[in-house]
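Here subunit A shows up in two complexes: once beside subunit B, once beside subunit C.
Then we have the complex of A and B:
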């Protein structure tokens, strides 16, 4: 597989949420605003790339029964770095994302990519895989949060869109996340099955 | 034996050691900024909850093993000195403790509430720190972004703003009126009520509950101090 394909597969073919079905927890929870989604994307992508690279580097010394504790230690380290940095330099974002930054540790995507990919592949491929998966994860977040913020809060990046309009609050609540995600899954599957049948 | 137990143990210990070392450096590096943030937050919050008061140093009192932090402020109104009190209180919200600073006057009327820390659900409970925007995105595109001067124009989140004037000694009622705006104030004040955050009643109740708790503690703290000391019981 070419390096480009290794990178780009995370965006569509192996999109973490829409195809593989991982990482639904932050996807549903923090997509209430576009800025949340962007910062979550950056944080998760950073953790994914760093942990993938490091895990790929130590894949020789990781015993089979030692894998999970090792991976979790490494992932938690990078998440803590993100957590402390956001707290120090982006306090507003840190306050807004709250518990979901520490929860990247248990995000299935990071551990999933470590198990699935980084422990079997070279450093460069793991890096590209992490970056691509981060991008794919982020794009899903961005599309989802765009619709939820516009319809559910009548806002974009925190700025009101139409003065005096009462937004559909259900979109900002949990059901809105499920509706939108469901529609995205449906659209994705429809496009894919059309492409396949051609 | 060595292969199965000693070697993995050593590997794991080594990795954990390196990670901890790295993190200790990151923590050392970010700590001053985090501390400064916290200090700035506290100073700003004090100005917000005791507007116009000259505030003394923080006072610490241990109440049933829990530290209670409060401030006494003074302000001259019509040649008379009135006192105001600020305290930090916390209540259990949906995603952890919600820590806020509350300012009250001598009669227990709330002068201001400022939420210092919260980890509520984004878009729901976290809206307790949301600032309501009057301009639309199109206004910004047309007129350009205004140069924001945070010191001149204090942008208070609407949820916190509505506590102003509420009597903290009486029961604070929670109503469902949607996003609060200044026009709603007289009507809500009549019943000593606030408007809940949509979909986040737990957050709203936690803040109200924490104010009640803080108020009780403040009264105890003030009565514990000697009457002749500065700012003691009235």
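Then we have the complex of A and C:
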């Protein structure tokens, strides 16, 4: 497979949430605003790329029966780096993302890519795979949070859109997250089945 | 007074701040194991057990080791490794002591390590005191919060499994089958649970 295909497959064909079905917790919980989604994307993509590269580098020397604790430790190290940097440089973002930054450790995508891809493939491919998966994960977050922020808060990046309009507050709450993601998955399935039938 | 606080914590974690439906934690097992009622019950019991035990161990560990030696930045690494080790240990102990229970819970135990609700409750025990966020929760209240969170998770899982068993018979559009319809159902459930937030306790 070409390098470009390795990168781009995470965006649509193997989109982490919409096709593979991993990493739903942060997708639902932090998509209340676009800025939250962007920071979450950056954090997760950073962890994905770094852990993929490191795990790919040590793939020859890692014992197979000890690999899961090893991978978890590697991922947790990068998550700690993100956690401390956000706390130091973006305290407002850090507060609003809350425990979902440390919870990147148990985001199934990172361990899933380590297990499924990085331990079998070369460093460059693993890097591209991590970046593509991070991008696909982020795009889902961004689309979801766009709809939720516009409908649920009548805002975009914190600026009011239509003056005097009462927003549908349910979209910003937990039920709105379930509804929006359910509808997105439905749309994705419909598009894919149309493509297949052609 | 004390009894009342425990009751408040339980009510809050089970109904008002339900882990799945209001905090959006533990979605993967919520989707994966909610197809049949009996497996949902098994998973739920295992989660209650592990969450209670995790709260019991991580709270003193944080207070007497991490804070004492000023290494609180290691919290993520330490907690996830403790949970992983704990799950392994519980699995081995149950296999030795009660093969029947192992048959019922065994296959769900390894899945719990990757359940973000368990790490979530360990972190929330430390970051969000109850009722005042800045006050240390204390060991007993942490354990109660862990237990209540597990019960709340189980409640959501059981309701969902009951609905999905009936949904099998319904005429759902082809593209909506499986995960999408489950999310829409969960949205309605979350809406219903949102009514509890009006409760004054």
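As a working rule, the second predicted complex is superposed on the first by the 198 of 198 C-alpha atoms of A that agree within 3 Å, B and C clash if a C-alpha of one lies under 4 Å from a C-alpha of the other, contacts with A are read in each partner's own complex, and residues count from 1 in each chain.
Everything below uses one rule, namely that a residue touches a chain if its C-beta (ideal position, glycine included) is under 8 Å from a C-beta of that chain, and two chains touch if they have at least 3 such contacts.
From a predicted model like this one, the values you see are computed outputs, not experimental measurements.
Within the superposed three-chain model, A:122 lies out of touch with both subunit B and subunit C [touch as defined at top].
When the two structures are aligned on the shared chain, A:182 is found in touch with subunit C, with no touch to subunit B. Within the superposed three-chain model, A:193 lies in touch with subunit C and out of touch with subunit B [touch as defined at top]. Of the two partner chains, both subunit B and subunit C are touched by A:173.
Judged by the touch definition given at the top, the superposed model places A:73 against both subunit B and subunit C.
Contacts of A:158 after superposition: subunit B is touched, whereas subunit C is not reached. Look at A:97: by the touch rule set out above, it reaches subunit B but stays clear of subunit C. Within the superposed three-chain model, A:33 lies in touch with subunit B and out of touch with subunit C [touch as defined at top].
By the touch criterion stated above, A:111 is placed in contact with subunit C alone, subunit B being left untouched. Counting contacts by the rule stated earlier, residues 29, 69, 73, 76-77, 80, 84, 98-99, 173 of subunit A appear in both its interface with subunit B and its interface with subunit C. If you check the complex, the residues on subunit A that touch subunit C are 21-22, 24-25, 28-29, 68-69, 72-73, 76-77, 79-80, 83-84, 98-99, 102-103, 105-108, 111, 170, 173-179, 181-183, 185-186, 189-190, 193.
Those residues of subunit B lying in contact with subunit A across their complex are 7-8, 11-12, 15-16, 19, 22-23, 26-27, 30-31, 33-34, 37, 41, 95-96, 117-124, 126, 129, 133-138, 140, 198-199.
On the subunit C side of its complex with subunit A, the touching residues are 21-28, 31, 73-77, 80-81, 84, 113-116, 119-120, 123-124, 127, 174-176, 179-184, 186-188, 190-191, 194.
Contact residues on subunit A toward subunit B in their complex (touch as defined above): 29-30, 32-33, 36, 58, 61-63, 65-66, 69-70, 73-74, 76-77, 80-81, 84-85, 87-89, 91, 95-100, 148, 152-153, 155-163, 169, 172-173.
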